[in-house]
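The structure that follows is given in the form of structure tokens.
Letters A, B and C mark the chains in the order given here, with residues in each chain numbered from 1 onward.
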């Protein structure tokens, strides 16, 4: 039954990647930028939850809400301070700035929380699921990751499709200038996108640290990059694509770790990225973006 | 045979026929105008001719060669060079380097020759400099050859774009609103330059323009586009007095 | 007087700039050599001389991709890693066959560079035809793959030949007299320490010459045209992918050379040295030295390598400061409003200085 265990773990990890990938996909779709710092917002979320729940002893769910609020504010601040002045700049400048922000968050966290990783206490408090007479036990963190990510994908799809703000996001992602002319507040929409993405990053931070309870200042970096791979795999800009890509990457990683080599699991995930870009650069559900002449 | 032979050209964007069944033929050495109200599909037409968009129907022949559906790069190599409605210079390069960039495909030496400064490098660069200065002189940009392109005044930027396009040694030159933003004096000067280019370089020119003084001043024949379709075609004076054209321009 | 003016006209500003850089680097080299030979230099500083060259070469070559091509590569450490390992393996295997370091080491540098260039071209082919930010993420991924693969790689030789494993040393099944070449995460030890400051300087100077000659050639112009306006570059028939690939390949090649130079300066070579942080550090050199300025890259690489050694106290804050530097530099150089503000005030300042020194303004006429 080892394979089934691995598969379930892969889907669980993939669900967390999916939540992170949503943040990348939203920001990439709307602000047309690769927000390198997104992974580090996850780390900040993790530390916020840790501080509230473990250090101050608050209720875990309340801690999560506080962390979501904190990350939302952080996301808006990052956008206003670092990215907004660069709206007209080349994508090279924006990328370098994003890397600067990512590094800034990692090193601030290093100064505040130190270099030693902390042990994160799981915030998930659900019963385990036992299948096949206890041959397969699904941990509550696993269930939570899958359920939460599905809820988020459905909720976000509804939000984008049905609400006024959501449709504004679609309009901005299609054509920023045209959306502006039609009366959409572009700045507000971009802020909203960063707010949603960062809020979700806090949720991802909670899920990630609950499942893998070691938290340090670089906790978010690698999952962040892998989630970006997932977003590209599923088709950047697509919400269901992020979910599909996330789960595929999670499963590939866990199966690679189990059956190929633990040291090479990351390398396998990145090799997937290179293969996807070679075969179908737009990903599974993505569409081609062309430049205006 | 005509230099450019366009037959039944068309493209649709998500159901919208941006250009629909457009045909025209341009003779070698002609100054040809493409006019029409805003949004009529003129620039789309240029983008089809230069391979920026792939046509969904029709054929394009340049000098007998079928160039339909080829890439922008191959179409330039086949002999079409263009300028852009919103100027696209290499803004951080000097004026002369903009022109020399245009000479890249016709004056060759390998990357290694350049890196190791072999004799062929110096010989070819000298020829490139001479050719580039010759082109810059035509447009009165010779004095500013080392200025950064972004620092040129607007009118001169438009001229530099033409010089760069000519550097690729095309058979057909496409000018997208060359007089946009120019005052009447500059426009008059530009008209002389375009005529000079045609005579001196034996060039065929197709241009999009809204400035009717330029169109009636230099174009020998015109095609009028309206809503992506050909409205009227023929000698400039005939076309401009056509009641349908006047209606299209003035509205009903 | 007339002769002077003619001379000035003949030498283009680009050529003059390149020779100033060569002169500066050479002067710094000579001064350092004099100081070293007269024993006025601390051991710490002497130990930094080869790293100065390594980081300068790495930064200058990355600047080719960032400044001249206008694309972001986050995999410079990966290319250095490839160069470091292949160069060190070559030296280890040929140590007995080629005894002269003067023959062996240049070959090791070349082989390190070529191996990195092959990787550069291989990942460049799928990625460089795409638009947008994919190069950054793919090079980052590449750097991680290389680091992980080398850390998991075991290679040994014995009388039966070369053995390779991705799991453990035991898996190789070496004979008792067998020799380990790469020992997984423990890396390579015993590669000859062939790197010297003199060789480092020569390689740096050659790198700079290659760089400037490349930029001021037909290919370099084409590359910068693509950077400035891709659509216009296509319209004049420039083969975008080809020129991008040449540039990126050259960056990888020189990154590999830097890596090989580096690995021959280390007692133990470990893949973990070539992590993401190293790529970012080199990017910081490029950005702080000025994107597109080769001279700036060298200065930034040397100063920022020396500074944390001299000012130990800033070490904890070093990366934090770098991150702020990246953000601030980008905002200041890319935002038209802010740039305009500084340009205006700078001009005023310049005016004041020139007014006060009327004589200097006339100099050089």
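The rule is simple: a contact is a pair of C-beta atoms (placed from the backbone, for glycine too) under 8 Å apart; a residue touches a chain by one contact, two chains touch by 3 or more.
What you see is a predicted model; the values in this text were computed from it and never measured.
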item	value
Maximum centroid distance from chain C, chain identifier (CA atoms)	B
Chain pair with the higher count of C-beta pairs in contact (B-C, A-C)	A-C
Whole-Å gap between the CA centroids of chain A and chain B	47
Chain centre separation in whole Å, for chain C relative to chain A (CA means)	32
Centre-of-Cα separation between chain C and chain B, whole angstrom	41
Interface hub residues of chain C, defined as touching at least two other chains	231
Interface hub residues of chain B, defined as touching at least two other chains	52, 84
Chain A residues counted as touching two or more neighbouring chains	293
Footprint of chain C on chain B - complex, ascending	50, 52, 71-74, 76-77, 81-82, 84, 88-93, 97-98, 100-102, 104-105, 107-109, 111, 113-117, 121, 124-125, 128, 146, 164-165, 167-168
Chain A residues within the chain C interface of the complex	33-34, 82, 85-86, 88-97, 99-104, 106-108, 110-111, 221, 225, 228-229, 232, 261, 263-264, 266-267, 270-271, 273-274, 277-278, 281, 289, 291, 293
Residues of chain C defined as touching chain B within the complex	13, 210, 213-214, 217-222, 224-225, 227-229, 231-240, 246
Of all residues in chain C, those that touch chain A in their complex	66, 70-72, 74, 123, 126-127, 130-134, 136-138, 140-142, 144-145, 148-149, 151-152, 166-167, 230-231, 276, 280, 283, 287, 291, 316-317, 319-320, 322-327, 330-331, 333-336, 338
